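Both complexes below contain chain A, partnered by chain B and then by chain C.
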Partner chain A sequence: MTSKPLLDIHNLNVVYETPSGSIVAIRDLSLELRANEAMGIIGESGCGKSTLSYAILDYLPPNARRSGSIMFNGDDLLLKTEKEMQNYRGDRIAMVYQNPYSALNPSLTIGEQLDEVTRVHRGFPRTQAREESIKALKDLSLGEAEGIVRRYPHQVSGGIQQRICIAMALLCQPDIMILDEPTTALDVTTEASILDIIGELKERHRMSLIYISHDIGVVNKISDRIAVMYRGEVVELGPQEELFDHPRHPYTRALINCMPRAGVKKETTRLNTIPGYVTRRSADERGCPFASRCEKRNAVCEEIYGLREIESGHLAACDRAYADDVSEKKAAIPLVPKAKSPAGAGATGGWSGTKDSSAAADAGGFGTVGPDTATTPLIRLEKVYKYYRNRKRTVRALDGIDAKIEKHDVLGVVGESGCGKSTMGHLVAGLLAPTKGNIYFEGKDISATWQRRSGDTIRDIQLVFQNPGRSLNPSFSVEQILDRPIKKMLKIRSRRERRAMVIDLLKKVDLGEEYLSRPSTRLSGGEKQRIAVARAFVTSPRLIVCDEPTSALDVSVQASVLNLLGELQEQSHTSYLFISHDLNVVNYISDHILVMYLGRVCEYGLRDEVVNPPYHPYTEALLSSAPDVNPSHKQKPIRLEGAPPDPSARIVGCPFAGRCHKKIDDLCDTTPPPLKRLSETHYIFCHLSEDHLKGSAHL
Partner chain B sequence: MTFFRPFLKRLGGMAITLVAMSILIFLLVELMPGDAAQRVLGQSATPQAVAALRESMGLNDPVWVRYGRWASGMLRGDLGTSLYMRGVPIASIFWRKVGNSLVLAMLALLFYVPLSIVFGVLAGVKAGKLTDSIISFFGLATMALPEFVSGIILMTVFAVKLAWFPITSVIPIGESVWNNLDILILPALSITFVMFGYVSRMQRSSMISVMNSDYIRSAVLKGMPMRKVIFRHALKNALLPTITIIGMNMGWLFGGLIVVETLFGFPGLGSLTMSAVKTQDTPLIEVCALFITAVFVVSTAITDLLYGFLNPRIRYPGGS
Partner chain C sequence: MRRVWYIAKRNPLIFPALIIILFWLLAAVVGPSRMAFSYTAMDMDHQMTAPGMGGHFMGTDSLGRDIWSRIVFGSRSILTIALLTSLFSSLAGVVLGFTAGYFGGRIDALFLRAMDIMMAVPPLVLSMVVLGVLGNSNILTLTLIVSIAYTPATARVARGALLSCKNIEYVDAARLRGESHLYIMFREILPNTIGPIIVEVTARFAYSIMMVASLGFLGVGLQPPTPDWGMMVIENKTIIKAAPWAVLYPSLAIASLVIAISLFSDFLSKVVIRDQ
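Moving on, here comes the complex of A and B:
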């Protein structure tokens, strides 16, 4: 608090005037950003995080009214005209957005879009502007900058697009860079390297950052101080470590506890959820904005309220709730212990009985177990290939993978985008047919699309998609959505019987009868995904393919959907093929994990075998890229440079060799990696010896 | 080779469309009630004379033979002879009328394309404001007026009251359209009336959606002045749908101006088609219909190519 703040937001209010009354988006918000400081802002969607950044830059819809003050270098930005604001935007205060693809103009080359920043703000002539742009790209370790400036945005990958956006923001060396979920649309590995770059640039250019994210792990990595926003207010503000070790506001705690993280498993723990959702705020509302969802609320919450200093530099709007356990160190965050079934017993029973004959495994990979074996896996993929061919090239989406899903088991599949994990899900579900190879369902060959599968097989394998908003018919009510599969797939004629089943299904996903007639467009994201899950359970399937089922959801909603999936799986005889890019989520829900790279398998094993050494170098890199909620988990980071190679190229050796930090020269490029069996259940495809695979990431 | 393949494919598609349409047009016109020979000779002709003419015109041949004869003639550029105008080769009048229509269409384009784009962009940028309301009202009003109403209003004001332009658009015998450009103004204006509302509304809505896009937000928040945001960042993207609309209307502009041309007495393709239908001049109807189809097919293809050329996402297919 000694240095004068660079940006001083004082009592900022943003109100939207609508025909049905005023809606408060930002309420009496005060925040100071110091020079060279990274301020993280977290909160659920709809809490005003983005509105705050647009309020600073005066980019709000016409019906928004701002009041208060935003002092920047002694000037109040609220008093500036549109013309004057143009001199701040992109020059003194620059912004980077969530989706780099849509943030770049599709009709202008990357160079044109970069050059204009210095041409407008600095008056540079064409050639000098171009030189600056190329320099800025090289600063972000984009080697081939001269080529990139001539291309269009759609011709480069998402990771490069975001680096271009960051380079664009840095061109005038701004005092403040606002980053609004800049890595949310990217792979973990890309996210990790972008975060590294941002941290490094902040120091080099002595910039201040405002880093907005719903991902607490990411904010943790980058921020000096963190502000927690809820319904337009800062409810807690403090130094990063202090805030995470001793969160004081119930909302902060609830948010942190929602995140799945290392060591939290479905067998032992249920994720914390926040009941209810972020509601709109009217102008005359008083008291604590979180009260209606707070488990610790009491009578005073309506009256005594306001941000105040609890310890030096740590402010919270509420400190009564957890005043008693301030003395507790570190483990001050209790997760909800699971009530039912002793740890590990029920849910994970499937794999303990699994035995592979080593002969079969040696002969054709670990998936190859004869259908006559006593413990036939539920699903077995045998040398499955999926190629997409067009005139120019052949994309090898799956390049001869073996895999299996045990009965009553969750197989988590991870890998960067383009590794073939979704293709694998689509093949199992019968949305696609393999180019070569076989898929067996309890020993029965089902390597065809659903049109050629039997009704029983279709009923036994169901799907849950990523975006429930798009996978549910917007013109159907909840009852229609659930009734249709009951009628079509279970062939139940009686209306009464069907309605009883629908109500039963709703109960299963913790929704009441009042949802029956609700149109699917009037459901929240979490409710929609619950309906999608209920729909998948209509036929009591043996397997549900879950393709990124929570990645479109807020953390608090993600937690409740993960809990639901975990519970339903435990109660039923169902297995999941759980596809996700989020290692923390996969780690929470899975019994087995399959790591894929470029259409091939890197590693397969029980969850704990995969996430602990010895592991495949790629698994190691993924794990070290994943943002951990717990900041004390300091690791030696392994950064994968670039993107996976072109999937149409024929690879002789190990597909990962080009990016591997433990590559054995010559050998890895020329010889396919051998299968190493580390235990009954743990397989790695790698040339390295077991000792080398033990790695150093967690040391 | 691979570069030309899409073009060849496109050309093949166009050819198939034209052949299919020519069959359809031929069949429809041939199946029209009434006997061609009877029509030529009039009601008082003897049955023997009619039968003889039928034979000499080849009307007794099977339909597919007649189609083959007609189609091969078209391919050789032989448009046949008019029935109504007793043996006058169609080519001698047809191409001149097409030329007249072309000049009128170009002038109309010159009027309405810039006008509707400028006002559409303006309305889109000022969406919800007074400027937008005025432009949108005007567009809707002109769109709702049929050509014959707006044409008559234009005539009354500019030809009768102000006497700036001739009241009809007739080209004196022996002169070409080029020495009589003033006769084109009123028909072109009346076409502009029809098209303005249509195209400007399209331009307005595409401008609004582009102005709400993420990349426009990027442009504004990197400090670009409004002028640059609109002309450099928004317009290039917002013009794409408008170009499609304009291109798809080329066929109509070329051969569908029946009302406007008839109203002003303009000797173009529209009024020619009109009189061909009125006089049941089958060979002429077929030529006109086929030509209008060809204009539609070709202008759609050109629009698609232009769209591909202006849109880098199609010009340079993806790949990272």
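Moving on, here comes the complex of A and C:
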């Protein structure tokens, strides 16, 4: 690996001129990319990762200024004119963006868009271009390429769209492919197979990759070397395994520890967090960019910065990651296991209530609960259906699901997008009413929308939304946001009393009084979500539906919100319905887990029962797809082919049959899977015997 | 404020626009009391005098009335009507458009069809016919009719602004608190749509001036002897060769005000819309 670098970025600076002064997006950044090397770039949002990729191709907005040099094969890209740059874009350096849907033109067929690439860049005639396009699609293991080229982008799934974008980039036969969060918008199962393909293509076409992501697990899978960026600087750069095993920079180490990962559970560990957030950088700032958030800062940090070689090939701006280690203890604060309250014993008391009803449960009465009121769960969904109809078709978002949430318990719901998990949350919260079936809240039927629910029910069930930027009204201040529910739902008239309550709530979510008058638009993502959580707790609800509460946040912020949710749940004995696509997150926070696929339940059980064998083949595939932070953890991956079937199609047998790696021919297609009770608390819908369900994947 | 200044520096036309607007506002408020001539006074010694002669800054018309005084007096009525019209039509538009957009379904469909029918008749024609039938128009009737004629357009803008906010989660959050529809529409949604609505009010202001001037020109606006810019243009059309200033200055007054307000409206949209 001593060859001359293909791309040599030297002292690159990017500065944006804005009404509020100059903002430094990239500062003195030097990076080398060698031939056939995959360079991963990680960092939180706002760290300049995307700016870097745009700077290379000169795609920056007009108020940006670049300086330094970007040498590509001996030519400085910074000195090229706009016209000369055209020869580099696509031909030599191709780019794949985060959102494939907006990268593709919706009014052209996929074939036309692909053909255009070779016709423009390589001057191919029409027929040859088409042949080339089909070849490229086949390269990306898109089996039915001849059919796909005739379709429009909206007619194929997100995973296929992204493969098409990659195929487009490939058609130019570039030397370097820059991938900017290419799998962030996709499901874990799709992400896993796309990552496999990218790795394979890199070897086959001898390309170099720059892979940008906020997800350490993903970068880890694909990269040879990794650069960690923070506030426009590379703070650490090294070979993948070494960087993860022995991070040198405190930021790298903190970032790795933020990720909820295998074996980290809320009872035993609190996630590591990084105090503060990424701030904008003014032109005259000196010193280490991370100093203000670093636990290990000392007087020197304000002065020096710059990468230096710590071991051969491993560079870092700081090597104090393990200095006077306090965070080791902090990262793994042993917590006293949560004592189950008497009512919580219902959690182990049996999914179907008494043993006598087990026969009935096996016969399909999955959600039936015995008459014993002691085991009445907080929420019970009984054969709930939710159909969305329009003139053309009926989408079966929920197709007869049974579920329950115990008191003082966290039920994690996990599944790919479109599996109906959010619909389920919205039904319970009362934003939607079921098409058929009932939802019971402590035995009381609440299967209606908010308009028909009693004030008590509304107070008892609250919702935390995915995107705090959208769930907080941008015209209101923090105080107004928290004050209104107190006034409206708790009917407290006295202004003074309400203000005291707001301050109390802020304290609960670790925010100070100074936030009262702050407009909600002036908060960081993490602060916003804290306010949203505080708002949900105004009425001391019995149940909070958390709809992907951390998926719009950075990992370090995600960790602090998860810690907060965990702590508040313990103090208040509230139950959560925690919806997430991220199995690592669900695994961290949940007591029970419900795995959903296409509007139906696949598996339900205590957390440890679900994430360990025996498990449903779908759970197994999800576990195997989840990117692992620990690079030494190698396993034989299970890849799901294709996308979930059309939710408007009527499915006779098992909905997962089409993608299942353990499918029993005929049987799975024609017969609905039976309910299997593997223990008092563990239920699986599958035809396979218990022995067969013991797979190989392991979380 | 810093951002406003930043945008202003890049759109320097806003400065003359502001000066013109301020000038006319000042003219309307304090002007009439400081005029040397009354708007009805006929100076028989100076008929159709050129600007500058006999103390007539902008000359006189065929009856020897001072053009400058008549323009300054006229600014009062035109600004009052235009201001009220833009406010009334926007208010009515917000109420109608919000109701239709918020409830959706049949109410919305009915609203859209009704607006289509109204918009099929050009506002100018609509106002002209109604004013013609009513006869004798005054500030009140003019304001009301022009407001009604402009309501469909503002209602559509308001409806569009509401639709862009209606499906954002803070609305769901308000619903889950059991808030009333009125609260959600006017406390939760309205503040977030105020940007486009303010821009609409200012744009409507410019349109209203054009409309009032046109109606005056067509003879269905304010009745003589009340000075009206549009009316002044048509009154003096016959003497355009002998005394072009009698037509030119009222026309310039209309043009300067309309253009200045349009520029201001453009500027405002740059300021508020990007803020959203």
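To be clear about the criterion, the second predicted complex is superposed on the first by the 642 of 699 C-alpha atoms of A that agree within 3 Å, B and C clash if a C-alpha of one lies under 4 Å from a C-alpha of the other, contacts with A are read in each partner's own complex, and residues count from 1 in each chain.
Quick note on the criterion: contacts are C-beta pairs under 8 Å (C-beta built on N, C-alpha and C of every residue); 3 or more make two chains touch, one makes a residue touch a chain.
Worth saying up front: this structure is predicted, and the values here are computed from it rather than measured.
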First (chain B), second (chain C), both or neither touched by A:I164: neither
Touched partner set for A:S471, first chain B, second chain C, both or neither: second
Partner chain(s) touched by A:L255 [first = chain B, second = chain C, both, neither]: neither
Touching partner for A:L57 - first (chain B), second (chain C), both, neither: first
Chain A residues touched by each partner, larger count belonging to chain B or chain C: B
Touching partner for A:S102 - first (chain B), second (chain C), both, neither: first
Partner chain in contact with A:P485 - chain B first, chain C second, else both or neither: second
Touched partner set for A:V120, first chain B, second chain C, both or neither: first
Interfacial residue positions of chain C with respect to chain A in the complex: 2-3, 5-7, 168-170, 172-179, 188, 191-192, 276
Partner chain C, residues of chain A touching it in the complex: 19-20, 429-431, 450, 455, 458, 462-463, 465-467, 470-476, 484-485, 488-489, 535
List of chain B residues in touch with chain A within their complex: 2, 128, 213-215, 217-226, 228, 232-233, 236-237, 310-313, 316, 318-320
For the chain A and chain B complex, residues of the former touching the latter: 57, 59, 62, 82, 86-91, 94-95, 97, 99, 102-108, 116-117, 120-121, 151-152, 154-157, 160, 165, 168-169, 391-392, 643
